[in-house]
């Protein structure tokens, strides 16, 4: 059962996020620090199936702590969802004498790791890498803080032109299932309203609120909308609705899209990645498996992967109240 | 004819652009320097019609040199297109004892100024403020350099995620009639192809070129597309076309939109704004009228408004060749 | 004792930090939300002594959430250290019918508030605003996160030139008594060594470590040094020491200085400021006094000012180990 | 004489500057485009002497267009100043069958190239890469535009804290012999005074001007000082002088230093680098030698290296007047 770990694989899987490279660097260097070999697995589980491996030493990860994206590339692998695919992957790991792996990714990637562990009793640890911050067992996922800064910087720019023209802007940000980005970036960017998946503000209240905004002397407004907001309307439909009900408004739309996934990670994300990478490797060396490393109350902590997958990182409803007060 | 100018109005008109505030500051302070009064006219020609004026001294423009947008607000005014509207505007200027005005804006704003001058023999000078760089008589319009930096920074972020996933991205940038932004930001961001209004690459050549890109070992590609690109297809249609012809590609779209108009101006735009504002005011004081101040061969120079409106600032076709070579 | 609060003053005091404006905005708008009057007190306690007050409504704080510095200005006041000075300040508050105040600042500002409260039984609440993060009772002070990002961005630039020339750089960052900035920004920027006030690495170990760095194939090195680092040597003396012991090195120095205090706040700091401002005002309305509002385990929480002043926010020693591993 | 060029070397030499990587990329890809081999020469002339060469193809320069520094490293070589050193270098070039080289650097690097050409009749072309913009034959050197943006962004941050505390700041920027950075960044950052090597303002006038600033209601001031400013005093001495003559002022100093050389290049520098690289290679292919490629009146143009070295790119004195007017 508790065999000695001598070689660790590392991969990034699913959507990429800023800080993944810093986490790879941390895993690689922590292995070197403990005299463990480290193997980079390219293109997520797909590369595991295809044996796309490369040995990595401390100098392989020079000058990547500040780079967006992932040098190991990422992918979603359908083949890994089948027992045959996973069998191939396991064969490759065995052939390469890899004893355990660290997967950096989100819910889907963790589910894959867990299934893999059950089938082959193979040690795995997860590092939460996604900008959506929707993973249970960590207050912050890798890339979330960077994405927030990217979003507020862009909305700051949009506000320049909005307030020069007395316009209303609907700005769509990422978040299909979770309003973390919308809520926090919305408060940070001084949005008048924030629409999230967790709470239905109601379209009438939106119009009321915008009308109140105008009465209180605001000349322009920004409404931040999460992709999966609960009104069920996307930003283009929201624009139409508001134009119909407030014809005096000049309404515009901006969909921020993929730029939110890129960029040089913030200091917070770089430090978090470094800490999580250390803990991930050292947990494997202590023969722990099926855990996610995360940040709880500012400390690095382990959460069983099973819980991390089932749970949900709730938005802080108090922030909705803060947003309301701020937009008076 | 050549009466003494004692009070100058300043307004921003049309779409806003970074550097407009720096230009306002320059006009205001140059007036103060020459002991001339300066009046801010709010919301472009519409504010002129409504008499929305405010006296401005050198301290009114503190701390705006680095701010995007325009503190004078901007608007498009239908009323100013009618003789009645312009009559009202003129009455207001006369009542406020304004002897001349500086308008910061684009082609449309200059046309308005020229008509106004013809009708009332009122001295006017234009400063080219638009991110599109499509104005004859200046190598650079205010805001263009800033917009280029904004675009390349965003595409740098998109490239992070594109190259992590081996994806093809179509990125739409501003430019309905002119490819300046697409061409320069495309080269700056290392785009594989650039589609502009001035040149029809042809969709087949686009597909060929992307296929060649793949063969030469590129794992991801960015295609920069101006709004008014000559293929006649927008980015969503281009995506469809390519997906049909290159089913192996994972194609994504990003429309940069209004963020391109905002943001703190680059050093270049701040210096340009300062220089043009000085020249605009001093030209009026020398009883010059109906000119645009611009940058020609790195020197501030005057161009008759009539020429500025009729002419067109051509893209440098040599850049198309540079782009071709760079994307080898 | 528990009188009704109808008018609240707000001031910024001591060194400024990014997020102070967002906190002022939050205090002002939370007052408006609860139909309380709000008075801006300019230039910290000095302005309190001089009666430099101005009424503030929700529109007074438009467009400042993203601005560095403080619109209320800040100052250190010697006069406030004397009973006579505080008497004058109290007279002014009484005359202006101000019932309580919120002070945004650091240790010194809180001490002033506490003394003032003891003398006049005047309700006060503190918001921790300083980039140094050295205040007990909050995991993050306002401006700290922004300063970290500023520092890593600058060191990223320095690394470009360091690695182009195989150079060693000593970079001095703020932190006279606390190594938070040095330690976190050092890890974030991939520093080879980090010197902080809390731990004496020893100069010999520094040289050893740099020599090891060279042996492992690193061609350039960054050493991040807190102002008050425990070796007792400043960056210029460190440069001399290393040049003497490692003559083959081309050593350079960079002192980051005041730029660390400025800049547009990060999203984190903007949200934190908004949350703390709400809590500060609502705590006063609940007749609480002599507390600091802070962030503990990601939740807003109160700490008695007395504890906040006496205590110290320790650096996480685990980070020293992470830094060691990362620089292998 | 006019032999066929089949293999071109490229090196970066002297101080690095943003855009050098984009220029390397352009040289490498233009060679590939014309089916010419390209060899990277590491560490400038020193690497030429040591034969530190590496073949480069179009994929060797992927993802560097936006990176600061130089992947070829740079160095200053004393050995190359001797005939023996240059002999070794030439032997290495001959052995590697390199027919010509492109050197990216400043005056000193061009002088080396010219001497080398005279001795060995070896074809050379220079690309001006330095942030100082002090090279004759080009309106812009590579990296200059980026450095200007870096400087104004930092001074924007310093101004936040300066204006929060009513302080006077002396900010030292690069420029030992040329005031381009100080003058342009000073205007861009809204400096009250700018001290440059080309013009002696006089210390008394400085004090007068600062006093006038105060009288006109400015609460804080920034003075931008080039390293080689003509007063002969450095920023620390200037601080002392002003403190003596204006004891009411709280004076601070900031030396920006090496960060000015780093950072991701601006769009302008990336496009300029791309254009100059194409022209450099194609000029060699046309059997031109001893030229520098530069930008004159917005067009790429050749200037004999001899002139480029002897001449000087003058600051535009008109900007001094603009600066005076802006700081009213």
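Observations
Labels A, B, C and D are assigned to the chains in the order they are written; within every chain, residues are numbered from 1.
The working rule: contacts are C-beta pairs under 8 Å (C-beta built on N, C-alpha and C of every residue); 3 or more make two chains touch, one makes a residue touch a chain.
These numbers were taken from a predicted model, which means no experiment stands behind them.
When chain centres are set by their Cα atoms, the one at the greatest distance from chain B is C.
With centres defined as mean CA coordinates, chain D is found 36 Å away from chain C. One finds 39 Å separating the Cα centroids of chain A and chain D. Each chain gets a centre from the mean of its Cα atoms; for chain B and chain D, those two points are 28 Å apart.
Taken residue by residue, chain B touches two or more other chains at 156, 159, 163, whereas all remaining positions touch fewer. Chain pairs recorded as touching, per the definition above, are A-B, A-C, B-D, C-D. On chain D, the positions that touch chain B within their shared complex are 25-26, 29-30, 32-33, 58-59, 62-63, 65-66, 139, 145, 148-149, 151-153, 156, 159, 163, 184-185, 187-190, 216-218, 264, 266-268, 270-271, 274-275, 278, 297-298, 300, 316, 318-319, 321-322, 325-326, 328.
Those residues of chain D whose C-beta lies close enough to touch chain C in the complex are 12, 15-16, 18, 20, 67-70, 73-75, 150, 154, 156-166, 169, 219, 252-255, 257-259, 261-263.
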